[in-house]
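The following pair of complexes shares a single chain, chain A, combined with chain B in the former and chain C in the latter.
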Partner chain A sequence: MTLVTGHSAALDFAQPDPVDLSSGKYVKLWQGPQHPGITGNMSLELVLDGDTIIECKTHVGYLHRGFEKLMEQRTFIQNFTVVCRIAVPEPAFNEYLYAAAIEAISGVQSPPRAQWLRTLNLEMMRLASFLMWIGGQGGAFGQYTVANWSLTYRDYVLDLFEEMTGARIYHMYMVPGGVRAGLPAGFEKRILKLMDDTDKLLDQIERVMYNNVVFKARAKGLGVITREMVDPYGVVGPNARASGFRRDLRKDEPYLVYDQLDFNVISGSAGDAYERAYLRLQETRQSVNLIRQVIAGAPSDGPFQADMPNLLHWKVPAGETYVKAECTRGEYGYYMVTDGTEIVRRVHVRGPSYTHAIALMERLAVGTNIADIAGLMVSLHTYPPEIER
Partner chain B sequence: MMSELLDRLVRDFGVTDITERPPAITTLKVSKENGERLIRELRDREGFTHLNFIACTDWIEDGIFRLIYMLHNYDSKQNLGVHIDIKRDHAEMTSIHTLWAQAWTYQRELREMYGIHFPGSPRLEEDFCLEGWDAMPPMRRDFDTAKYSAERFGHREGRVSLVPRDHMKVQLYPNRGGDES
Partner chain C sequence: MNLKDLLSPFYVWQRAFEKPYTSIRPIQERPGAAAYRGFHINISEECIGCGTCHKICQNDAIDMVRVETYEGRSGDSGLRPRFDYGRCCWCALCVDMCPAGSLRMSNEYTWITSDPTEFHFTAGVEHTTWQDNPLGYHRAEGYHLYPPKRIEMEMLPPEVSVQSFDEVVAGYSEPQALLEADRCIECGICVATCPAHMDVPDYIRSIRDRDYEKGLQLMYRTNPFPATCGRICTRRCESVCPVGIQGEAIAIRWLKRFIVDQIQPQDYARILADQTGNSGHRVAIIGAGPGGLSAAYYLRKQGHAVTVFEAQASAGGMLRYGVPSYRLPDADLDKDINYIVSLGVDIRYNTRIGKDIRFEQLLQDFDALFLSTGLSVPSSMRIHGEEHPRVLSGLQVLADVASGRDPGVGQKVAVIGGGNVAMDAARVSRRLGAEVTILYRRRIADMPADTEEIHESQEEGCHIVTQAIPVEIIAASSPQQVSIKWGEAEMVQDPKGGRPRPVLQEDRMHVETYDCIISAIGQGSDLEFLSKEIQDQLAIEWGKFAPGEYQHTSLQKVFVGGDVANRTADAISAIEDGHHAARGIDRFLNPDARTHTDQEVN
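And now, the complex of A and B:
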């Protein structure tokens, strides 16, 4: 069997010849679906030659609950209890995009205050998700102290979500026409205090994790995504930015109030696991900064919800749209088709993990040492539920 | 810029139904026969190097599956949705797995969820989400989830299945939603 490597191989999607397991030279190993080194319930079917992976197949389906089918049988408002469950660590992007798709088709415009509050909610979500990811990446390389620190701070962010929305994980806060509530009294002060503490935490994490010689030795050179691979493999978000692309939907196709915020697109060049990890640390800091800007700029009064029809009988006009937003892993999108009834005709959820965890992962795993497969997988930051929907 | 491109696509590929849709996408329709050639042209010559996704809508009343290939041009920031209608009773489409690595995953999913075939697409027959599924592809509109569940898993004493939209209107809000309009 020939391992496909190098520049010219980026466009070679040919499937390798099957490995002859009966030869006794190889071992088949399943990583997941129940394994601390797997990101959620999916599994990697690995074939090893010694301790080197020579074949990888991603298996999904363990979380398949038929969300897209369910949505075709419920009213538009009922689907809010469904969409937030599609990406467990990042439900807010599903809420926002589902609401934005309905608004695009029906012509509803949410008021300015709602747009600021939605931006705040999404950046808090980004911060919580990155803090969870840091824990996963640290844990994959044996740094459980860092995981405990960052997950504690994620919980502090969830405390604020609870104040803001009434729920810690599945908020159902962003609805068509706006959001369900304004900010509670004293919220601004508490979130700014947490942002100051988070800055200090991130400095500590950088010292302990990113300067650690073992982390550097294992992450540098691991899972290199070359520039040539980015478009053919549909790579987006931090995975593409770490390979030298300055692409970020918040800048390239601004939505909500991102065109009123001051930030730059962060990019790297090496395209390996360390570069991706360091880029995400910088983007976590950027998210802290954006939260401060939103708190400073958000109007404190005014409507947060547009006038809406009776949601029990709401018939969204026939139409079609595709809306997208930059989540922590890149382009997250909702494609929606309506037919003028009170039920959506079709919703397709486009999650970045769809390509990162399958086509890209299967390619990058080949040639990797078995000990590094968990670190590689976490470095791609994938969430299986958004693959299966 | 976009209008020049669209004029050329009408002339060279016979595209129809060009529609601007909010917030920022253009959709167009092309025949099944010209579909793969058009998508290849858009990728190689027009800068639409990003395949956002491939999806399908079942228009059972018209007897068609509508495939949508969503493409993006990173330089011009344009979003283009290519519609291709195929017959439900002969659900087959040319594979584009040589254009993007993730395309064959989408095609594998469409085979499983809608029963659409893409001859030549790698690992097409491998299960995607549904291990050992032997019933009608479940995303087809005529697949009845409640009926399948009753037949497959049987009735359990005390379990009641309700249609969500009727339940909310009639039982939860009888004075606000029942038969009011």
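And now, the complex of A and C:
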């Protein structure tokens, strides 16, 4: 395997097919779109030499619902119920960025309490998403017990989402200008209890899944992203941090109340699947810690929505903006153009999965054993719906 | 290989005997959270069918359907939301938007049936088990999809307003009007309630679009008195405005005024571009008040020649002689009237039918007649001594002031009555320097006057004495003064459930002396210009006409409207009567071209 260095090499995936399938030496295999080892509905077209992958092509489109186009036909407030569907396991980042983009263009400033509640919501989302990812990563290497543990705790987080927002998955909580409600009575107590339990769970998971000879044997050295690959392949988030970059928008360009929270950017160096997995475990713990800080710091009264115009026919002033936030997988961005009418002119959603699941995946899959392809894919933590906005 | 890594995974066994996390349905129920967005609940009694839920739903999951029980209720479309759970995404924007606050959600989320058509249901009308569930999502206090508070109107402070006849209300500035217009949720309940069915949501939209000329055009389709109604309309629209249920109603009247105020009189002809042809028919109108001139406007647009006979020296009727200029400045009334007159309406001033011209003559000379003579005769208090020269009528005081004469109220005035005429007579007297007491037989809440007028009267220093029944007028020692004997009243519930009745307490009598007493307890019609024979044919009851569907009467070619022919007796009803009579007269004059002209005059 040669290392990719420099920008032109990043286009390797676009080179013509050198493999002669008619020779009888190779097997072509489709993995997905419905396969437990695929995160979401996409598929990998694999060419195998024995059980080694010598070529990988990715196929997306199975989930295409045309969100961006749909949004060009609905009012601003109506779109708020659409955006959460763009990344099913992490709707909150879409909600936040959609609201933030409108606020940036219109000059609306959400009140401080709303900012704390949004931060709480986003960190809960991060925790829920990481817990689901732990399940996926464990499952991909045959550790279904761990998957059951972590998914149970994800459900406990969803219970709290249900209390806070009225729904488990599509919360639709962050409206332009603020949030829809404050916290229900006794919520702080319940979430702090869950955080304590989660800490214990994460310790147990570390013992069972991470300090595990099988997991180490299979994940270490798998899917190495070298420091040099990070920028040419557009690698962000934990995938980049595990390769030695200290990049985190929460720290680099703080939004909401992250500048008032105490945390450090976690990074690794090996850049393989194990490093990424371990980094995510640490970030899960960090998220638990941030939730505790937000609960301690959030004001318990005051407005949670700015004074807004009539959202039924709000004409957001003409403008253009790009807003971004650090989701569990890295920089998540919304580019928005408005033209002064009641509907948005253009929204472009930039999720980290686009680069991670296509260009990077096609590169990393080559040379991997077929048994590890699922583990590799999960270790990149991608969500196909955000590729197919 | 590390031995620790080999042994560590066996830790899983520690948890092998823990209780399962899962719950076993249907043995165990797992209720949704207290604020869960589950199935819809609609309190149909509180719902007004405004359809805002339907409008905001991005999935077209809500249809508005007719529900017989609620048809015909005031301020209610008679429609109720019908949910399609094949489309709903449980976002609850409908709940957030519901201005009536009748729509919310239960925390129930399981519904099993073998009949999928059941998932298309009218919440609150069709039986559902969760209708009475107190839990579930509702709009949080402090969260709104539209601003609930009205943009406050600037007014002259009372200590200044009482010094002159200058207009009290300042009118909205453009930024204020844009903010207020933005609050409208465009449901159209106001359109149905307005007697003239003015296209309120569309002209409010024209403000948001800053297209005031379009707004003027829209208003003239149903009302040629927008400058007037923008100031003194009784605004039933605002009393039913759904935004007013959980907040403050849209200031529809002030927005109407704002549009008119943006347009100069000389631009009216260009903007409205009204066409007036010549149909060859001649129509006579008796009374140049809002009813008569509204009829004149629409009749001219239909091409008929119009002659208006007016007993007074100026047009406007009660708008000019009954509404003081601090509420409706002459210049604004003239803005409306002058445009109507500019379409070629011939007004014969100082011409009283029955005195200067006989009614029968008009019947003979014209192809159709429209009577809108209004209510001009003050009602009697029916107490002893009321013919005393220092007992003035409220109407006369207002007419004197409007004509520039001094009504001579003196320094200490008592006003009897609780309607708008009473309030205006009192406020006029305050402006003339008098100290004013208003005596009213019932409570303030029972007063027929506009609440704003009552409030402003009090602000301007009028002293209101409620539950006070006049008993007798007594001559005072000076001929320049008069005394009134009045008794306190107790409110007694009507056993039949009607409104409470004041009952005089004989033992609690008061006598006060004033420079004058202004009686303003109502007014009746003056139909003396009609002969007994004609009156019999016109079916007059209690001094009022009872016209047919097109404001027609049983006397051929005679149409009636305005205060003399409706129960509501306000300007906007008179305007609609005039408009509707114009439709009727046109149908009568052009029996062959009905559909065409109906469309043309809208």
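To be clear about the criterion, the second predicted complex is superposed on the first by the 372 of 389 C-alpha atoms of A that agree within 3 Å, B and C clash if a C-alpha of one lies under 4 Å from a C-alpha of the other, contacts with A are read in each partner's own complex, and residues count from 1 in each chain.
By our rule, a contact is a pair of C-beta atoms (placed from the backbone, for glycine too) under 8 Å apart; a residue touches a chain by one contact, two chains touch by 3 or more.
What you are looking at is a predicted structure, and each value in this text was computed from that prediction instead of being measured.
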| item | value |
| --- | --- |
| Combined model on chain A: chain C and chain B, fit or clash | clash |
| Partner chain in contact with A:Asn212 - chain B first, chain C second, else both or neither | second |
| Which superposed partner A:Val224 touches (first chain B, second chain C, both, neither) | neither |
| First, second, both or neither for A:Ala181, with chain B first and chain C second | second |
| Touched partner set for A:Ile169, first chain B, second chain C, both or neither | neither |
| Which superposed partner A:Leu312 touches (first chain B, second chain C, both, neither) | both |
| Partner chain in contact with A:Tyr233 - chain B first, chain C second, else both or neither | first |
| Which of chain B and chain C A:Gln78 touches, first, second, both or neither | both |
| First (chain B), second (chain C), both or neither touched by A:Glu388 | first |
| Touching partner for A:Val323 - first (chain B), second (chain C), both, neither | first |
| Region of chain B that runs into chain C when the structures are aligned on their shared chain, from 2-10, 38-46, 128-136 or 164-172 | 164-172 |
| Chain C-contacting residues of chain A that also contact chain B | 74-75, 78, 310, 312-313 |
| Interfacial residue positions of chain A with respect to chain C in the complex | 74-75, 77-82, 145, 149, 152, 155, 159, 162-163, 165-167, 170, 172, 175, 178, 180-182, 184, 204, 207-209, 211-214, 216, 303-305, 307-313, 315 |
| List of chain B residues in touch with chain A within their complex | 21-25, 27, 49-53, 55, 57-58, 68, 70, 74, 77, 79, 81, 97-98, 100-102, 104-106, 122-123, 127-131, 138-139, 141, 145, 163-165, 168-169, 173, 176-177, 180-181 |
| Of all residues in chain A, those that touch chain B in their complex | 13, 15, 60-61, 64, 66, 68-69, 72-75, 78, 100, 104-105, 107, 231-234, 236, 247, 252-253, 255, 310, 312-313, 319-324, 331, 333, 335, 337, 342-343, 345-346, 348, 350, 354-355, 358-360, 363, 388 |
| In the complex, chain C residues that touch chain A | 1-2, 4-6, 8-9, 11-12, 15, 21, 32-37, 52, 55-56, 58, 89-93, 96-97, 105, 137, 140, 142-147, 179, 182-186, 208 |
